[in-house]
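The next part holds the structures, each set out as structure tokens.
Each of the two complexes below includes chain A, the first together with chain B, the second together with chain C.
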Partner chain A sequence: MVGKDTMTKTNGSIIQVSGLKKYFPIGRTLLGKPKNFAHAVDDVSFTIKQGETLGLVGESGSGKTTIGRLLVRLEKPTAGSMLFEGKDISLLKKRELKPFRGGIQMVFQDPYSSLNPRMKAGDLVSEPFIIYRKGNRVEIKEKVEKLFDAVGLRKEQIDRYSHEFSGGQRQRIGIARALALNPRLIIADEPVSALDVSVQAQVLNLLAELQDEFDLSFLFIAHDISVVAHVSHRIAVMYLGKLMEVAETKELIRHPRHPYTESLMNAVPIPNPKLRRDKHDVPQGDIPSPINPPSGCRFRTRCPHAFDRCAKEIPLLREIESKHAVACHLFDKEMEDA
Partner chain B sequence: MNKRKIDNIIEDLGQIEFDERASAKFKFKDIFSKVIFKNPSMAIGSIMIFLLIILAIIGPSIAPYDSQELNMSERFESPSWNHIFGTDNMGRDIFSRVLHGTRVTFKIGLASVGIGLAFGLLIGLFAGYSRGKLQNVLMRFIDILYSFPALLIAMALVAFLGPSTRNLIIAVGIASIRYYARVTYGVVLVERNKPYLDAAEIVGAGALRQMFRHLIPNIVPPLIVVATLGFAGAVLNAAGLSFLGLGVQPPTPEWGLILSSGRNYIIRAPWLLIFPGLAIMVAVLSFNIFGDGLRDLLDPKQQRKV
Partner chain C sequence: MGKPEKKGRALTTVVASNPTNIETLLRVENLDILFGTAKQHVVAVDGVSFKINTGETLAIVGESGCGKTVTSLSIMGLIPCPPGIIDNGSIQFNGKDLLHLKMEEMRKVRGNDIAMIFQEPMTSLNPVLTVGLQMSEAMMAHKGISRKEARKRAIEMLKLVQIPEPEKRMEQYPHQLSGGMRQRVMIGTALSCEPKILIADEPTTALDVTVQAQILDLMNDIKAKLDTSILFITHDLGVVAEIADRVLVMYAGRTIEEALVTELYENPIHPYTEGLLRAIPRLDQYLSADNSVKEALKQMPGIVPSIYKKIEGCSFAPRCPYARKQCGQERPVMKEVVPGHRAACWKPEW
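Showing the complex of A and B:
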């Protein structure tokens, strides 16, 4: 239940992330000090509004999964704040976190390994109720049946083990489990990338239905910009731990401004060989190592427009048009010229 | 049995995969189809163990003589129809003593495996789950235990506690803790990184719930195998200690002890040693065969390689 006070305090946003950083220690010296750090998430800020879906795209290794794991506090941030419904959850300890757990839930990428193979579907979905002591056995059973109904599973399937389900059904179990504690924000970490194409649409539609029904906000993480564009109101593009561009979906698709976003768009396959694109438009090579990221702009090593300033100065994420933010020196130049 | 039931069984036979997931719904009727048809070593092992268990239960009541009844007029009789395993230096019937010994052996084996498994499981579970300091302290302790032979640890413990059946069980059990702890630790390290634990954490499951409700059911299958093989080891260790006089005390009929008390007469009456020795061998062998079969069943990758 979000009171009116918190609503006004948070400007209708469900979560406000600012300056979020996560550095993973790599290797240890004899004294136990880390030798190096992987800069998985480096100074990321964004907000998600009530009822909104924010898409987060990026290549593998860009840190998008780490952001999801930070938001549900499976990882502890190195720095930064995460205001969930006005309350900073970034520094809470495990015990203090318990009351907030229900508010932010997660749907996992792999529907096979994210369900305990030795537990029945019904036990998996009822576990959150048992942990939070929500009702007696009969009440919990009723709630579980309702959830099964909401995600399109049959009541008879409550007593089945997860390996008896298909990938899409397993993902439905995962979604039912995530819904159990009345969440306001759901982190969907590549929820369909492990599924058959025919099932992907079903699960995406289910998520959209549930969003309307329960007034949910989503952080939708995926590497495929076409999937993200299908479900998101706004899209944030991530590269090597930093946000490169944030804009509303239509705007971003029609007028991608950042060179990286452009190349991502070019990487979407077109089902027509005659329209096949020039090889040079898609990003070449691999994402650099997050242990030793390039100086200045992180994309400069693969950017076709890079110039000397890109190596010296980190571009800041700024609004160049209303609701369209880009982190690129090209647009600073434009603005200065104007 | 109606037709539908038969159809079900046929269907089940078709669906059975040697697969971790399939073993999650291990049903009783599967035991026969999986075990007997697909895995001969397990079939042989389980039949032998079954017979041993029957003997352990009803053995003493079908024994022709009292295991401790002395009969000085029938000393050192070689095997005959009256005494099929012969008699010992005090005229006691070896067959009856070996039969009684089955129960003693099972008691020692089960109890010591229970002790070893319970503590080993807990140590391995906490060490594997916790990471950091607790992990190091626990596993270095296990490493230290690993630097002594198990029999030596058990001997030291019995010497300290005093020889008796109860202390033998405790000593053999404690000596085997390291073994179960290592295996549990290894399996937990693998399971620890699976997303289902993250999923449990997100819905508010605390460390204890994650360990006992989520991890334990997933580490039990490999531990069953280890416990089966460990049972054979425990029987052997217990017999060894009893042979050395550090375990079961006379006149209780324990196989190692029968062996030990007959060793002075090995030339004159070799049956005093042959039959209890065979009994130990059969028991150890059947648990080893069964354990190997069980491992094949629960570890499909290894099996397909063979």
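Showing the complex of A and C:
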């Protein structure tokens, strides 16, 4: 549990991310220096409150997975800080990280490749206890049974191999494994994207139940804004390494302010033929490469409203209304007037 | 500079095509497709029947493994035999049964009358040929036109599929194009021989949503311009609502419901369709209702049955909240429940 001082210091946040960057070196010159960098995550700041689900949505290559991997420190940040329960984990060395590893856990997209098919389901779930030396065999067995129960798997399935499970069940094993060490924050990276629709709902409902039961906070990553909206209290929209807009779910869906969010909303297929559009009002062309991202606003090459300032200055993410932040020069004037 | 007024969403009501001039182009009847040997096999497609009318978009929707791709490959004569066995059924097109055509005749149908595009364009684009060459070769082979003419037409097709700078693209190789561009090239190539039917198997599944929206617009556009019928295959009920005139729902190798698109979404008859529609998170609840409360998704229990098991009654019975004894014993067949709306379910009869 969180002590009282950290509580005040963190203002009720479980994680505070500030100025986070990750540049991946691409190619090498003859002298061994990187030729280029992929600006996967570029100056991203956000916080997640205790018990909150923050949704992170964006198209492929926008940097969502990289943010997740940075938070669980599978990647080292190029710059920035990540305060988990008040402590900066961005610079910790492997050994120093150990106490935090249990606190933040990741659930991955592909339940097929993220679990070793030659391991029994029970062993997969007990592995974290063994690695972190938590409890003796009897205690571990008991904990594993509890976790199986919590994620809706049957006790008899403990001795089955993971390849004998369906996609949805494998995702449950992945979730049980992530829950083993009593995490406070779960990074769920496209946890239902590989699943069939009828099974998606089972897993989404399970995550919601577990959130209440275990008092979890979530960073819920997905490319599908309908799925993200369904599970998230707040949503952050990402494009080419940067956050474009952050707002509470209902507000964001009803009143998207950033031109990119607007186009996402115009593009998303709505399962209601009565709302069919003659033509989708979406930007033409494709997402540019993160290796040489556009100057100024990353979205300007596809933005229908772009003007000269957009190429020159990077728009900062800032609140234009209470709890509604946007990174777009269209709002500069509004801000100055206010 | 102020923010421009937010544009209203341009909404149109879907109008059913005029019933007086509907003509059936293709008719699939009682199709059974197995994989394996006559003795030991799995049933991938089990008694599937449907038709495609002129100028319409028919969507086949269903979860992975339900037999969508196998069904469409059989129309193209592309089921690998062995291990595939077309055990029963007919596919009528232009007065011919495609299942009984000679290879040479089928090849002609494939090039000229029915064309297909896939989820991953790279599987059907030749990586060592420029865009221009692969498009013109296809036309030279099928239409017997000269290289020069084919090239001219290829450029026209690239314009039709709204590729900027088509002359420049003609000289590029598939890997130099983005996913969305490749899918456009595929569509252009498929349409270059003016097929009567375009089969599109999950053509937007691998694309980002803004690019998916572009491709859906393009396909709607082309259908209107060329009057091509489209068989659109997808697992996504959102996409179906955006593109289909009529919908066929498949489950575990069988067709379980068929209706015009608005009718299907408003009045689903089969419990599986009903369950699917309730299981998807939807944004329209935020957009329409003033006071939308987030409802838990209605989850469907269980999983799709294994095709290794023979199913006696209704294949959905183990997961169906309404199932009675009859459902586990007798197989329901597709029956018209409401005019133009068919379902394979016992419930309407109780």
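Going forward, the second predicted complex is superposed on the first by the 327 of 338 C-alpha atoms of A that agree within 3 Å, B and C clash if a C-alpha of one lies under 4 Å from a C-alpha of the other, contacts with A are read in each partner's own complex, and residues count from 1 in each chain.
In this section, a contact is a pair of C-beta atoms (placed from the backbone, for glycine too) under 8 Å apart; a residue touches a chain by one contact, two chains touch by 3 or more.
Being a predicted model, the structure only gives us computed values, none of them experimental.
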For the combined arrangement obtained by superposing on chain A, do chain B and chain C clash, or do they fit? fit
Contacts of A:174 with chain B and chain C, given as first, second, both or neither: first
Once the shared chain is lined up, is A:210 touching chain B (first), chain C (second), both, or neither of them? neither
Quick one: is A:113 in contact with chain B, with chain C, with both, or with neither? Answer first, second, both or neither. first
Looking at A:201 after the superposition, I want to know if it touches chain B, chain C, both of them or none. Which is it: first, second, both, neither? second
Touch test for A:82: chain B only (first), chain C only (second), both, or neither? neither
Is A:325 contacted by the first partner chain B, the second partner chain C, both or neither? neither
Mind working out whether A:250 is in touch with chain B, chain C, both or neither, as first, second, both or neither? second
Looking at chain A, which partner touches more of its residues: chain C or chain B? C
Mind checking the angle chain B, chain A, chain C on Cα centres after superposing, to the nearest 10 degrees? 80
Gap in Å between nearest CA atoms once chain C and chain B share a frame through chain A: 8
Chain A contacts chain C in the complex at 59-60, 166, 168, 196-202, 204-205, 208, 223-227, 229-231, 249-250, 253-254, 257, 262-284, 286-287, 305, 307, 330-334
Chain B contacts chain A in the complex at 20-22, 24-25, 194-196, 198-206, 209, 214, 217-218
Which residues of chain C touch chain A in their complex? 1-4, 6-7, 9-14, 63-64, 178-181, 208-214, 216-217, 235-242, 244, 261-262, 265, 275-277, 279-284, 286-287, 292, 294, 296-301, 303-304
Which residues, counting only chain A, touch chain B once they are in their complex? 69, 72, 74, 94, 98, 101-102, 105-106, 108-110, 113-119, 127-128, 131-132, 161, 163-164, 174, 177-178, 180-181
